[in-house]
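The next part holds the structures, each set out as structure tokens.
Paired with chain B in one complex and with chain C in the other, chain A is shared by the two complexes that follow.
Moving on to the complex of A and B:
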């Protein structure tokens, strides 16, 4: 969570355009989660290749442990779906079946989300949104939000420590106040910090009507082309499958 | 809408999303997955009610709702939540607007309507189910029955209804806490 859009810009390996990442994400959502064209064998194989892409990308971003863990979990789930499910029966079947149904489909997208958040800087993200002509009414709140996440978490852990000292925790003497005594101070301090942030935003020209500039350079390179070709593959195969060229 | 309003949207979206994120962590255990529609609206109601005291222009609730949907797309929960959140956000906005951005009762109702976007997260799991079965006929009827028993289609509207009802409960809870703390502290 602390890793949201706080990428180390110098030391993150392969740099992709944020729009490429978004394209991969949307394709994953359509094919892995949405099961589009899963009645065509070629699309199924392309989807599996596509599902491996987020793990590879995480690996290039030097998140070796995360990448390996994600690959292992996805591999086990997919194997369970193919090997175990046809043989199981009864309660075991229900349990494995639901786990597979949920995780095999959700996991690739979630891993891609983890990659996107950990390998993109806020500036890049905002620059990409700007290029895609997303209105400022959306981009400004979003950039404030991403700036604000680490602060919220920091405050929350400090409040958490203080409340633990007062025995206000799950299983403690005052567990009934658990939520109230955390959320209320968190909001009071957030509101105060928010006032300061508003002032800071004004000095950055967020309140004016002029067009804002961004020094962050984004653009498509060879690595983007490679990823985009892989991303386009399932769509092409799907269309070919619908017209009956491949099965 | 001025810069300050946009900053406010950002701050409250951050608090709201932290709650969503922490609860969603529990959702990785499949049994807790439906509980998202219950816990998030109740806990989220607390910051949302405080947010509503700062809403006085058309579009603020809508933008927050769209941002929630966009975040779901960014974190890999499919595009359906975004579509749902665009619609429910506008509805929530209209509900609160009908009370001139002041009515307390409308504010509680607004949290209920706003919370409907959480139901959108479940849509991909129900939506493409038939396609999913079509490509897995060889698993047998046993499998299909077993999974359908745990995830029946009627669960879908139930989850939306749960989100709405818990949103109203969360709104009432938020109001109670606001009277108790924030009004006294002078920030509501």
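Moving on to the complex of A and C:
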């Protein structure tokens, strides 16, 4: 199952520090989604380069098809935005305009989000939160949540299978209780698993007074530097543009 | 011999009414000893393991009398986190004993909690991983591992904390035979390095030659003690009378030729023909049976090693495998996936997934209309669960839940019943009742059982279907 934060070491591609990924994400939101500084040509080019980054990262994680498809859609839409939008008018303009808006602005952010979730492990995430001085009151519940997500999904899919065999579905004769029938077993299974999980964690010393250590080593490497330079570029160009140094 | 753990006159009752209370248990376990606790479900063997690892009284609440001393410390007065470095625990359910999502972090988890320096933790992980030869499993997501692989990681997580005592509570319930062999090797290594090992188990065969002493429990008391040698030379009849599973039952299993064989005389009443039963996951051919006929009213055990395609076969048969192109010919009608889903029903290994309603009777009636109430009561009577008809299905025992699921399948008019490992974790008595029930269904349904339980097969199956590598 490929889910949230369930990265395997062999298929996660280029290893970046979680904080680098976060910086890329924020920058994508500011420049691609927010369209900040789009009146400055240099910023526009830097943004395009930045938008290509999630596709490249996805490519290194061996998600070739997804990466190529996303790259193709982004390329086509960006081309349409530059070449067609200025010439179109009326209904055609709204149609192309909306498509471009969705794909050009939103797609890179979505791809980056998907990459972040599939290529970061929970321990890396927690270690990064520690480094950013987020308190344990927030990180421990979050790590439990991430641990539980895939489990609940697994349970949910098993329950779905069971419901199919019983022909309980929307529009069937039990549709009134459709949600109840789904939630009851889900709750029971989740509570059982939760209880057993707590017991197992206790026998392994969770909650000792001593300060926990963490073997997960995160840190900035050469690849982080390269990505961060690319990430910093739009900001720098934007400031230079605002002060009139570049156009 | 020095004492590793000692229970003196321990009496314990769970405050939530859970079965497995103890009354006046005295038990001394020597250092370096490997002890097996056995007995029927609810005899208290799991409770003993919980006293040793401190989950009783620190997690499971109840009234405790008497004294449990582990490694010189009174369990009641020692915080459970201080016992963590002394007692390592491995539990039954591989789905619910992991705190982390990736394997390396999981093995590190216990050591990190003890606050060991990072280098020390990494050193211990490397040593444990090398000892157990699980280099392949490092850095993986727990969710992409098989049950056997998960159980190895659980063992590694416990071993990395370098405990003196290992406690295992039904560690093989969800494992196939190959995985059990590997688990056995791990435990043998622990034993050779002088660790104390306490195992509570239903399945006994794999422990032959491993256990020094066997404690047989009944109704919360220790009723008999054996040396390992004496216990494993007991005959099958003696074990049956003690309510225990056989100890040689799993030998010779899977030595038969692949294909469908009759193992009992059987009155032929027509066939269910399976056509084009092939399925691939991407390039991997998971199933390649071609055509096959299953006698109507038979009880067939589906056997095979891990990855033989048993569960894919079961899913295809129940119309649950997306993109499956084969079909089933029953009573002269050719059925595709959707219609197969209407006529077949799978009892899952975790039956909790398939009980939806508030009461047993409502659950049974879910797929039927109100005119069938009498028939429903009749079926519940036949399956021996009529007295629970107004109880919540979730409040029943595992075996009873299974019966509720079977009752609902019968009422929904299902013709083909597929059970996935119905006896994993059941003691001898429950297994026998399940076998009897399945045998009695022949008038109503054709039954297929995906199982590695040779005793169940011997008791109720008329045929055996042996798969290997998706083929017969």
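Just so we're on the same page, the second predicted complex is superposed on the first by the 205 of 247 C-alpha atoms of A that agree within 3 Å, B and C clash if a C-alpha of one lies under 4 Å from a C-alpha of the other, contacts with A are read in each partner's own complex, and residues count from 1 in each chain.
The rule we apply is simple: a residue touches a chain if its C-beta (ideal position, glycine included) is under 8 Å from a C-beta of that chain, and two chains touch if they have at least 3 such contacts.
Bear in mind the structure is a predicted one, so any value in this text is a computation, not a measurement.
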| item | value |
| --- | --- |
| First, second, both or neither for A:206, with chain B first and chain C second | both |
| Touched partner set for A:145, first chain B, second chain C, both or neither | first |
| Touched partner set for A:117, first chain B, second chain C, both or neither | first |
| Which of chain B and chain C A:56 touches, first, second, both or neither | neither |
| Contacts of A:25 with chain B and chain C, given as first, second, both or neither | first |
| Partner chain in contact with A:197 - chain B first, chain C second, else both or neither | both |
| Touching partner for A:109 - first (chain B), second (chain C), both, neither | first |
| Touched partner set for A:84, first chain B, second chain C, both or neither | neither |
| Partner chain(s) touched by A:48 [first = chain B, second = chain C, both, neither] | neither |
| On chain A, positions contacted by chain B and by chain C | 1, 143, 147, 180, 184, 188, 193, 197-198, 201-202, 206-207 |
| Chain C - residues contacting chain A, complex | 53-55, 58-60, 80-85, 87-89, 91, 93, 95-102, 104-105, 108-118, 121-122, 125, 138-144, 157-158, 161, 318, 320, 341-342, 344-346, 348, 350, 352-357, 366-367, 394, 408, 412 |
| Residues of chain A touching chain B in the complex | 1, 25-26, 28-29, 33-36, 38-39, 44, 85-86, 89-90, 93-94, 97-99, 101-102, 105-106, 108-113, 116-117, 136-138, 140-145, 147-149, 152-153, 156, 179-180, 183-184, 186-188, 190-191, 193-194, 197-198, 201-202, 206-207 |
| Touch list for chain B against partner chain A, complex | 1-4, 6-11, 13-15, 17-18, 21, 30, 33, 43, 46-47, 50, 59, 63-64, 66-67, 70, 73-79, 124-125, 127-128, 131-132, 134-135, 138-140, 142-143, 146-147, 149-151, 177, 181-182, 185, 187 |
| Complex contact set, residues of chain A against chain C | 1, 3, 5-10, 121-123, 143, 146-147, 150-151, 154-155, 158-159, 161-168, 174, 177, 180-182, 184-185, 188-189, 192-193, 196-216 |
